[in-house]
């Protein structure tokens, strides 16, 4: 037990990094759920995550040296294997078993490195929410990362109500304020570990980010826009987006002329007030034109900076006045369910109840 | 009740801004008494001050959009009228009365916008300390602003003992160290809500800031310098200054050859350790020469930066050691009366006593 | 008693400054044991250390003016003599005895200014640990200073186990990782107020910093390297280093061809998490070549920045998790003794026991 137990769910998988962040022998120092972690790829190809703090005097192991799948602290030379056990102390013969650091389970899926911050005995790789488009050659995209000075749930909130597209992203990802008025979601499906919702914006203008990746001749066409969102605990956002010629009903039949996207976003708490945000926005058309993925990545960066400005401003205001109580709108059904469910999971985890082994993360 | 109630007097008028700060549709985000406030001028010309925090998810309304006299939050599009009531939620038909933010009374006087942070029912505009030179065409000056990283009472202290002119402002506003030794104030008049004092420095050299706005031929003349100060709660400093030819006694008769200034300074707590400082230093001679006002503004900026250096250094030292107890000098009569009076007003306000409606701010 | 009493030993001498820091009338503002101190040299040549906080309104005296051996506060002009007594208040005739600031005993030894932060009545100059090479013309070096964002004991720890030379300073002060494996110290001598240890690295390559100050023709010679360390409370590190032709045994006889260094380092707490670090690394060969001292100073700056990177990273990690408990290695005998001894001295000081007058700082 420590003072983060009431804040974070521990026994679940979090995205720790993109695999490309560990190329060339990099020792990545990354704080996750307020714990200092060092991530590296051993010389055998194995991914390793250890406490980024030597058990001796507390020096960061990320300032150390990779030796095989081991890591040597470069303060007094203590060498740790991938299980976290100290296996060498220069100048000392006997090595007590107490000389060790925590080793976190790590798994790679679709170029994402997932980490388990809770009890390692419960770290079942089957619980990882794999997203097939990330390793399907029919989908193309660029992995990206953004750091937020905000609690991860404020980003979950943001993604739980797409009405914000209308006001925050009018000229980038949204396209018009009409989106907020006309695209009310038909229903929100409550899942055991999250929610699912679908939102249609019929007969709309293609939004600016779409225009950048379609031929100019298509810019004037009207489209039916469909966003279908699934959000899972602890902060996994998956969205299918399609733009269908307006009124064609093509979503139900052949998809000729339909443009589709697959979007995955991962919110991993760095601390209670800062977040690692990973995403990839993939497309399956004009797949041989590399500029489409680049354009989409850049559009998303532009859009996410619009979110970041408002979300970080929220965090500042929330920090300044802990007595502030948010008021709920009708559109908050999804985020309210998510927050309540997460709270329940955290409670159960602390009481040693069912959530301490999440048997079906994907509801 | 919140944790600022013991620190700030709420039921009184504070200067929130100069009116020129709200031209061109600016939404001014300004923290006052540790509350986030957004100030704007509606399209009807009305001044409005609202909580700078949407009641929904806490986004800043200062990132919003002025529509008529209303303000729309640009996160999910909630629209607030000037009373703080939410009058539109895009995509939602019924709007509960609980969707609202606080609206602060605001009044303009002499280009200053005054705000009432306490109970709006007590916000009597008659209590505003209007300063006629600010809207009298016979007086000319330039409004100015400075931000202090210091509690506002340290600035009140500073202004309560003009002896500091001698040491802090020797080469700018003061003119000599002699001022501290020779210009002892005849008496301090205790007011119900502040104090009044007068200080003569007879037969002195014109101080550097005065020399910049008078002809070189007058630089060698000796002057009798009179400063007459009134300070009101919560932090309103008004000063009449005149320079009379030394020994002429002109202060009692015709004012030919006498140079006069009117100086108003307003200390508004941003937080308990930072302050908004507004001022205008006006003159009534050579009124058609605009460079005099510019020179005086620049001299005051120079002088106030001298104060700011020492006052912010005080704040750092006070923050570091809350056990430090200041020692009182004889010259501290005025500041001691002011601090005691303010403390009494705050106590009474918290007990719901007489100060909760200040009937005569100007004693 | 204040909240630093459990952290710092008060009744002992600390290095406050190098004497060259006070030339040209400088008023040095330096925080020592979390107290603001102003140090200056009066016009008589006397060194003075006062509270850097006027007793009146808390303005820093380091913004004041030296007058003789006195210091005048430049806020309202109060003048303090070197005992800390206020001897003038402009505009006030009677000066109460309560108008005063604390005056700290200061003594100069070997260009170091030592300060006594505890009870002045106990400040016996005989307790100062004088280091003769600092004022012996046979030794030459350059005094230097570094600021650490780390608790001083982390630097004491660092210097208590020279094995770190092998890993932190491989290419600067150390020379090889072999040092950690082959130079195990024969024994640590526990002193009443510190420890002494000796460490030989036989038949080794000259380390990089040594190569820079010896002729190229000597770079290939093997040496026996001897480090002999003494550490005293509160944080005084003295080290004799010699490089003897390998196997020659010259350390016992004539020192022809032996290169020697004298190194003194002083860790003075600025706060519980920041440190003033003073040092001089002296040599006694080629004494007329000034570039040797410059090279050694630069090599030490380079090496100390290697320490600083790792020690400041430790401090960040320790601050983040106060529950972390360091694990002890066999090589930690010296640092463990030092920390236990210091802890005992602090306890005794707070109980008014024997340590409140340290009778033999040098054990």
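Which chain is which? They are A, B and C, in the order written, and residues in each are numbered from 1.
Following the convention adopted for this analysis, contacts are C-beta pairs under 8 Å (C-beta built on N, C-alpha and C of every residue); 3 or more make two chains touch, one makes a residue touch a chain.
All of these numbers come straight from a predicted model, not from anything done at the bench.
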Topology of the chain contact graph, where touching chains are joined (line, ring, star, complete, other): complete
Residue-number overlap at the chain B/chain C interface, same or different (half cut): different
Rounded Å distance, chain B centre to chain C centre (Cα mean): 48
Overlap residues in chain A, where contacts from two or more other chains coincide: none
Complex contacts: residues of chain A adjacent to chain B: 154, 157, 161, 163-164, 166-168, 177, 180-181, 184, 309-310, 313-314, 317-318, 320-321, 323-324, 326-331
Chain B partner contacts - residues on chain C that touch it in the complex: 2, 34, 36, 52-53, 55-60, 63, 73-78, 89-92, 98-99
